[in-house]
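Questions regarding the structure given below will be posed in turn.
Each chain gets a letter, A, B and C, in the order it is written, and its residues are counted from 1.
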Amino acid sequence: MTESHDVIPQTPVPMAPIIDVQGVSKWFGSVVAVNDVSFQVRPGITGLLGPNGAGKSTILHMITGKAACSEGEVTVLGQPARNNPELYRSIGVMSEHEAVYGFQTGREFIEFTAALHGLSSIAESVDRVIGIVGLEDALRRKLATFSRGMRQRMRLAAAMVHDPQVLILDEPLNGTDPRQRLDFHETMLRLAEQGRTIIISSHILEEVETLASTILLMVSGKLAAAGDFRAIREKLDEQAYKVRVITDSPRKMAAALAGTDDIDSVSIGSDGELTVLSRNVTALQRSIPRLAQEHAIRLMRVEPLDDSLESIFSYVVDR
Amino acid sequence: MTQPTGELFDLGYQHYDGPREGRMRARKAVFVDGFKTTLGLGRGSGAKVLPFLLFGAAMAPAVIMAIIASVTNNLVDLPGHSIYYQIVSIVLLIFAAIIAPELLCPDRRNGVISLYLVRPLSITDYVAARWLAFFVITLLLVYSGQVVLLLSLVLSAADPMEYLQDNWLDIPRILAAGFLLAAFITTLPLAVSALTDRRAFAAAFVIGLFIISGAAGGFLTSCDEHDDSGRSGQCEPITGGAGKWLGLVDVSEVPNNVNTMIFNAEDEGDRARLIAELPRVVPIGLYLILTGGLAFILWWRYQRLTV
Amino acid sequence: MPTLLEARSLTKHYGQTIALESVNFQVQDGITGLLGPNGAGKSTAIKLFLGLLKPTSGSAEVLGELPYESVGIRARLGYMPEHDCLPTAITASEFLTHMAQVSGIPPAQARTRSADILRHVGLEEELYRPIGQYSTGMKQRVKLAQSLAHDPVVVLLDEPTAGLDPGGREEMLKLIRRTGHEFGISIILSSHLMGDVESTCDRIIVLESGRVTEEGAVAQFTRETETLLIDADGNQEELITALAGRGVTAIIDGVSLAVELDSDEQYDAIRDSLVETNSRLRRMSLRRHELTDIFRNDQK
């Protein structure tokens, strides 16, 4: 006798993407700013990176519906991004250069934005976001007196006042000091935990590295890489991994490594540091402790030299 | 057999051991740069158009007057040096209104001024050098027209030497009136340029000021009717006794008021005749107060500049 | 040789606001980083040393002289502002030649030095095009070049990598290192990016609320701790157990395991545990202090 069961899928079905960009291009006359780009953005923090002129701001404008696509389409929360004012209830945007009214005080600016969104309980919303960005002291002062970092935080607060599901932030860290960045970091992580979808476009790679779980790297209008940046690194076959290894017997270790297939080369520095080049990094990662053990070598340091986001960025851009 | 030799030259950064001329060099550099900006030199052909057009416009009256002088040969009342200044002052005021802001506004607008402020010159040096550059050019302009005029008057006279002897007083008058005119034309637009970052605003303000005050001055001294002797007769201005004071309102004529005095000339216009009734001290005083006041504003505004 | 830069009881008030309160420090040769939160007094300090501001009390001395009063000493100072400061209609070559003269260099020498400096900062044919047509990266180089053309003794750089993309930022930092180490010019670098400071500066001075709160060699602030971080792909729990079995205590720290090292012998135990659990060792290194730690301590 058979009973009907619900079939439990072996692999979880991925959630529908919050932002769906399909075959999007954008040209201004003969200048192609965005060239046939497709990607999907899911909840969490996504970093949008690329050299100046790569098309990052243009693609963000198309996601927020500020610009039309020359080709392809952008869907946000299941709806078309363009000509859809209702969608702004769910999207908060902080663009790179924004003028603010210098004569407004901090509070007035946020209230103004809240009113523009048609929020009913303005005071509460304002208090909530001010608390998040931590600018309680500055509320009464006019924006013209703010430093750049403070203006940035006010604009971030304004982008969040209507509690949007989606946040698009273009260079939000310009002019911010280290403490403000630490606060920003915490705020972003908290918002992501709440299930929001956040896109941060930034040139400050060391910040994006610790925040974003996935990245989108654009070069000359095209999407050059997408996903987890360590996984991207593994696909950069032509670039051997550089790993520094420090032991108590460098030459023995070097000889042991040279005897394996896992490495391309090993060089010994003047202070006994080994620099190992390898295209098979997973095998190398196992070999190093094993070889050390086999040859009774004390293994003290293993440091990858080029799997930071910064290295990956320059490798991809220079490809 | 000698060994062939080769040399590798060090193209790396070299420290500078040459002469350092300090503040004087800095002032000269700002002056020369102001000179070049005014004439549009080294800034593409577009920048030269206006200066050279205006130069032509400033010279044209002199040339025309010179031609008239030589042709009519004393049969007509000669247009004099005083009239030339009056005519050319209009051209120069326009020239100054448009070009003087180039000397001060862009440096503040694009932020270059902060680079000047951290160099070995004071802010007063900077302003003075810019002022001087514009002043020298304006002065050369007004004097060259007068030279043309003077030469033609001398050469077309029946007896050139006699003409010079009779009229040698014209020369110091030309120099003095020219100096005062150039100083005014330089100081007013530069003072306005000190108060706004945008060249267009400065230019529009100065030109607007001339037009409006000119119209006001003309209106306030206008007459309903002249007596029977026609235009050269006296008449009562619509503002009555106050008319002669109100005529001073015309800013563009401030240097000309003094100019007329220097040359003891007869200006036919209603306004000018009324002003001639005022004590001499008045137009002179107005000129000094206005020009001095504007110079002070210029200096003071730059003293208070922060970056 | 007097101290390059010295602040003596340097105080600056703007009305009721205290920007700097009786600050004392000295800067000698090398590349010195000036750090601090926004509003801490960094830009005020920079402006005081450039002679743009007058101290309320105390002094800001450059080579023993007061730049606010002694105009001449400014010929030996260079400044690269954070904000825009370049004209648009003239070429870099003309601009630099002019600025070198405004620093006191005679015209002929100004012309040749400008060409040299522009070459050193990496500008080539662009030299002869109007600055308005330059990219941000090129403009930043021109800004740096004008600060060096008159061979200053010390250069103050304010956020030199602002607005640059990662490639441009790396190149600017390389240029700054070259300037400091190869060209032999002392540098004061004011920056919010700890990465920039760590990769270029030898020493730092930290300002907070108008006072110096930290000072010292960068190496001191980025020294290693005694905690070893092990980044291994594989089963962390298994690895912890294997380590414990060999007498090594490890706790989870984010994606890594942290071990307080008592002795070097523990390295061998760690190595053996890794082999036993067939883990892939991605990274093993001592946790370092970071410059950012300075700002972490009093986060609310």
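Note that in this section contacts are C-beta pairs under 8 Å (C-beta built on N, C-alpha and C of every residue); 3 or more make two chains touch, one makes a residue touch a chain.
These numbers come from a predicted model, not from an experiment.
The set of chains in contact with chain B as well as chain C is empty.
Chain C has the C-alpha centroid lying closest to the overall centroid of all protein C-alpha atoms shown. With each centre defined as the average position of its C-alpha atoms, the distance from chain B to chain C rounds to 50 Å. For the pair chain A and chain C, the distance between mean C-alpha positions equals 25 Å. Here the CA centre of chain A is 60 Å from the CA centre of chain B.
Across the interface of their complex, chain C is touched by residues 49-52, 134, 147-150, 174-183, 203-206, 282, 285-286, 288-290, 292-293, 298-304, 310, 313-314, 317 of chain A.
On chain C, the positions that touch chain B within their shared complex are 50-52, 71-75, 77, 79, 81, 83-90, 94, 98-99, 101-106, 109, 113, 116, 120, 146, 150-151, 179, 182-184.
Chain B makes touch with chain C in their complex at residues 12-16, 18-23, 25-26, 28-30, 33, 42-44, 47, 106-107, 110-112, 114-122, 306-307.
Every residue of chain C that touches chain A in the complex is listed here, in rising order: 35-40, 135-137, 162-170, 192-195, 233, 264, 267-268, 270-272, 274-275, 278-286, 291-292, 294-296, 299-300.
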